[in-house]
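Just below sit the structures, each encoded as structure tokens.
Across the two complexes that follow, chain A remains constant while its partner is chain B and subsequently chain C.
Our next item is the complex of A and B:
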């Protein structure tokens, strides 16, 4: 008994160490960026003190403040947030019902599996080329549609790239939910659509959250596509790219820090849906 | 509660025939079982009644209503799924209240009905738990609770016990039987387990290849199986079969089983001559209808000396496997009999319990 206990203690201890290690690797660079955004310049570019200390010695809001006031950064930030959220919304709105149809329509027949594979291949093709090959024709189309250099144009562009991924994520999500759940709700009095909304979607929350986070991160960081489909109204990624040429390390850290905040807020809100036990107890094999 | 009728229901999935000319009349307050091996179409029949599948042709009536065009939710039926299909994001109370909420019943009425169902299934203390916090047996009760609470016209149960462990299955079997009798429910119960079908049902429809092969009471199916398939499916262990040929000697009729011949009643011989496609037949006898003893049987009683292949003690009874020619025949006997492998033992058949099937059509002749 003692033997068993000490072994499980050792194992959970090792596991905790591993988690701390991984967390450190992920969090440390973020910390350095955040720190450098708020310290005086010499502390960044000067010779590092020995022993190196993670605690900042100076503090200034100069870099962040000047960025937020002097440049067009604020309007660019707003443009990025709105177009990104729009593309996340459109992507989920299209991918969710499409993935449901791919998984459910046609039952467990061979025809359905073949058709699903075919459609998925097509959906993923746009992701098989670098953004620039898709971006140039897209720019032409957007100009004709008078959507070039607009929020909607950006949102459509981002969606083009995040949709296939969302589709694949949502497809695996719906495959994990047994059709009986919907059927039970239909027998209990709901229409097919009502059953989908009330009974299938809630357990699909982890998949939707994962797809949303991916779509968000993609749109947030994408540079090539906005370079091609915007001119006057440029999102944060393009701004950053222009700004970084000739910026100091401190200014760079400041703009990186500003980019970091919305991402952290968004993923923090959604991460609570990323729980595998959403489906637990629904069914038994 | 209401009766359920299926008239000439046909359903194909691609080239696979799931239901062929299924005609059923399940009476009001009857416990009816659809029994058959997997892939026989029994679940399809149930899903057609539920409205989850659309039949290619045929009509479905629940009570006096033709329900072909009605969606599942409008048919006033309740279904229990093999995997329970509990709503994972709702508590036990909300799971059971779900169909009532959909029907927009007033809150107070919902509370009363759910309490009644929780009480009926003895799971009051679980009402605030989520499905993942329940054991398999408890999940099963919640699934039944969600069905019972609606007081529907009919209950459709799809292998509800097959995911429970053996002991719990035994208990739920009797509990469900009693529960559905107490609320005078029309129940259509799908199972591949012949013991469940025999113990629970008032009538059984045995299905195979999408067709109903026999529809009768459990006793009727046991004693008069319409085909060799049914005889070999029902009973544990099922019926023994031996290939035989009809012969006649001194005005008496026999079936030649190879090592020996057994006399059959004149009526059986008549029926074989009249109905069988040839003189080759399949002789069938249930394990409990073979009598074995070590003491020599008086000469005037027909008996044969058979070698014991293996002995399987079950506690309350003893299964003795005998070599008869190439075949092994199982005999159910008293556990006090002391026999060993290789021993020779006197064997005779209960003459009123023998069955004869046609060798080609495999249908019951006698």
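Our next item is the complex of A and C:
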């Protein structure tokens, strides 16, 4: 009996080690970025930096401070925030009523199923569509529309992928809400759309929040499309990419750290109500 | 006589309905029109800014940079004469074929861990969402500091007294392995959480009855979990396969000697041919072939998951 107990103790110890190992492997790269953003330069690149130590020996806010005072990077930060929020707003505003309409639309059963199925397939394929195929011609179109290198041009680019995603997520949300609720509200005098706003929308709020947060995170981290459709006013991820390719890792780590902060906050909010069906539409890039 | 009258009344009602009913039907019709307009708005947005560019991209790939006849295969011929083009397709397919099964294996393993009850399970789940949400570039900055010549990995080897002047990102087998590992880090949590959802949908009674029949843990996994997980596994493979095709930034920044299809299109248009028309047509060829792969895979995914 004692023998068995000690064996199960060993087993749970090994299991705990495994769990801690997985968590460490996931968190360590983020720690590396955060550490490099706040140490003095020689520790990162020059000879004295060798060997790399996991414990910071110097501390400086020089890199982050220089980013926040340099006008080009500051404007890039503002551009990223505004265009990302715009794209979240546009995609929710367009996708939520459309997803509701897809669930409630009437007509002959067969044609309705075909039409809604076609639109969903269309949404999934456009969610998956490669940025490189869209990006190069989209840059040409945006130049013609005088939207190239503007906030709106970037917001349109971000919306291309978050709109189909929000549509898919919101449709699965509205499917769970019975239409009888709306009809009861209509008997009480609301119009169909008014009933949607006041009765159907509140229980769908978690799905909307998840769609909004995921849209925000994807637009925030999206690299390929902004790389193709911007040239002078570039968002943060392209800036980081530039430092990465130029191998100037001190500023690169500092921008990466600034990029990381909202992501950590939103991930913390997200993990409380994450459901797998949000994820099935949430495959990245 | 009476019957005839009723019939007349019925026909009259059918042709000139009562104003009240008339209002009802137009209201319903109006609702239907509103539904279709609401659906049409995002569809039009996607058609204008995504389908139209995709069609333009196809037309670019068939046009002649100096204004030759329209259906022109010059760009295709130029690309097919470039060994780098075939190398990019080859590496792209190889990366998909290597990363997706490995991710799936590690993902199933992690899902099995997460499906057990232990202290800190919620915390581990929260941590596992991080790779899905953090920006790709942030992670690549970190990976660059890890694997560069004076990086973290070489420092650790130095502490243990091992050879520490390895050029991980330059030498041939290592750079490929590192790119595969980096991709596994980034994408395994998606697989794990999708498969975890599949595991949690298996009813506990099945396992109970298997225990009564004295099945071992391995037998339960092999004969209950795996077969019941098959739909989740196939969906995950298709999903990740589509994403894996679009791999770009990881090889492009860490080890440029491993070309990918997106990387080829990007480098030929923006770097090698300096945004010229020749570069545009040749990049469009590579981008269109990638899009073809992805449309086929996504259609398979939709067909499979909606069955």
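Here is the rule we go by: the second predicted complex is superposed on the first by the 190 of 285 C-alpha atoms of A that agree within 3 Å, B and C clash if a C-alpha of one lies under 4 Å from a C-alpha of the other, contacts with A are read in each partner's own complex, and residues count from 1 in each chain.
The working rule: a contact is a pair of C-beta atoms (placed from the backbone, for glycine too) under 8 Å apart; a residue touches a chain by one contact, two chains touch by 3 or more.
None of the values given here were measured: they were computed from a predicted structure.
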Partner chain in contact with A:178 - chain B first, chain C second, else both or neither: first
First (chain B), second (chain C), both or neither touched by A:136: second
First, second, both or neither for A:189, with chain B first and chain C second: first
Touching partner for A:203 - first (chain B), second (chain C), both, neither: first
Chain touching more of chain A, residue-wise (chain B, chain C): C
Chain B versus chain C as contact partner of A:13, first or second or both or neither: neither
Which of chain B and chain C A:21 touches, first, second, both or neither: neither
Footprint overlap on chain A, where chain B in one structure and chain C in the other make contact: 107, 192, 279-280, 282-285
Footprint of chain A on chain B - complex, ascending: 13-14, 50-52, 71-75, 77-79, 81-89, 98-99, 102-103, 130-134, 136, 139, 146, 150, 156, 163
Parts of chain C lying in touch with chain A, wherever the complex brings them together: 28, 31-32, 34-36, 38-39, 41-43, 45-46, 49-54, 56-57, 60, 110, 113, 118, 120, 123-146, 150-152, 154-155, 158-159, 164, 185, 189-190, 193-194, 196-197, 235, 239-240, 242-243, 245-246, 248-249, 253, 261-262, 265-266, 269, 280, 283-284, 286-288, 290-291, 294-295, 297-299, 301-302, 305-306
In the complex with chain B, residue positions of chain A that touch it: 107, 109, 178, 180-181, 183-192, 194, 199, 202-203, 277-285
Residues of chain A touching chain C in the complex: 15-16, 18-19, 22-23, 25-27, 29-30, 32-33, 36, 44-45, 49-53, 94-95, 97-98, 100-102, 104-107, 117, 119-126, 128-138, 140-141, 156, 159-160, 163-164, 167, 192-193, 217, 220-221, 223-224, 227-228, 237, 240-241, 243-245, 247, 249, 252-253, 256, 259-260, 263, 266-268, 270-271, 274, 276, 279-280, 282-285
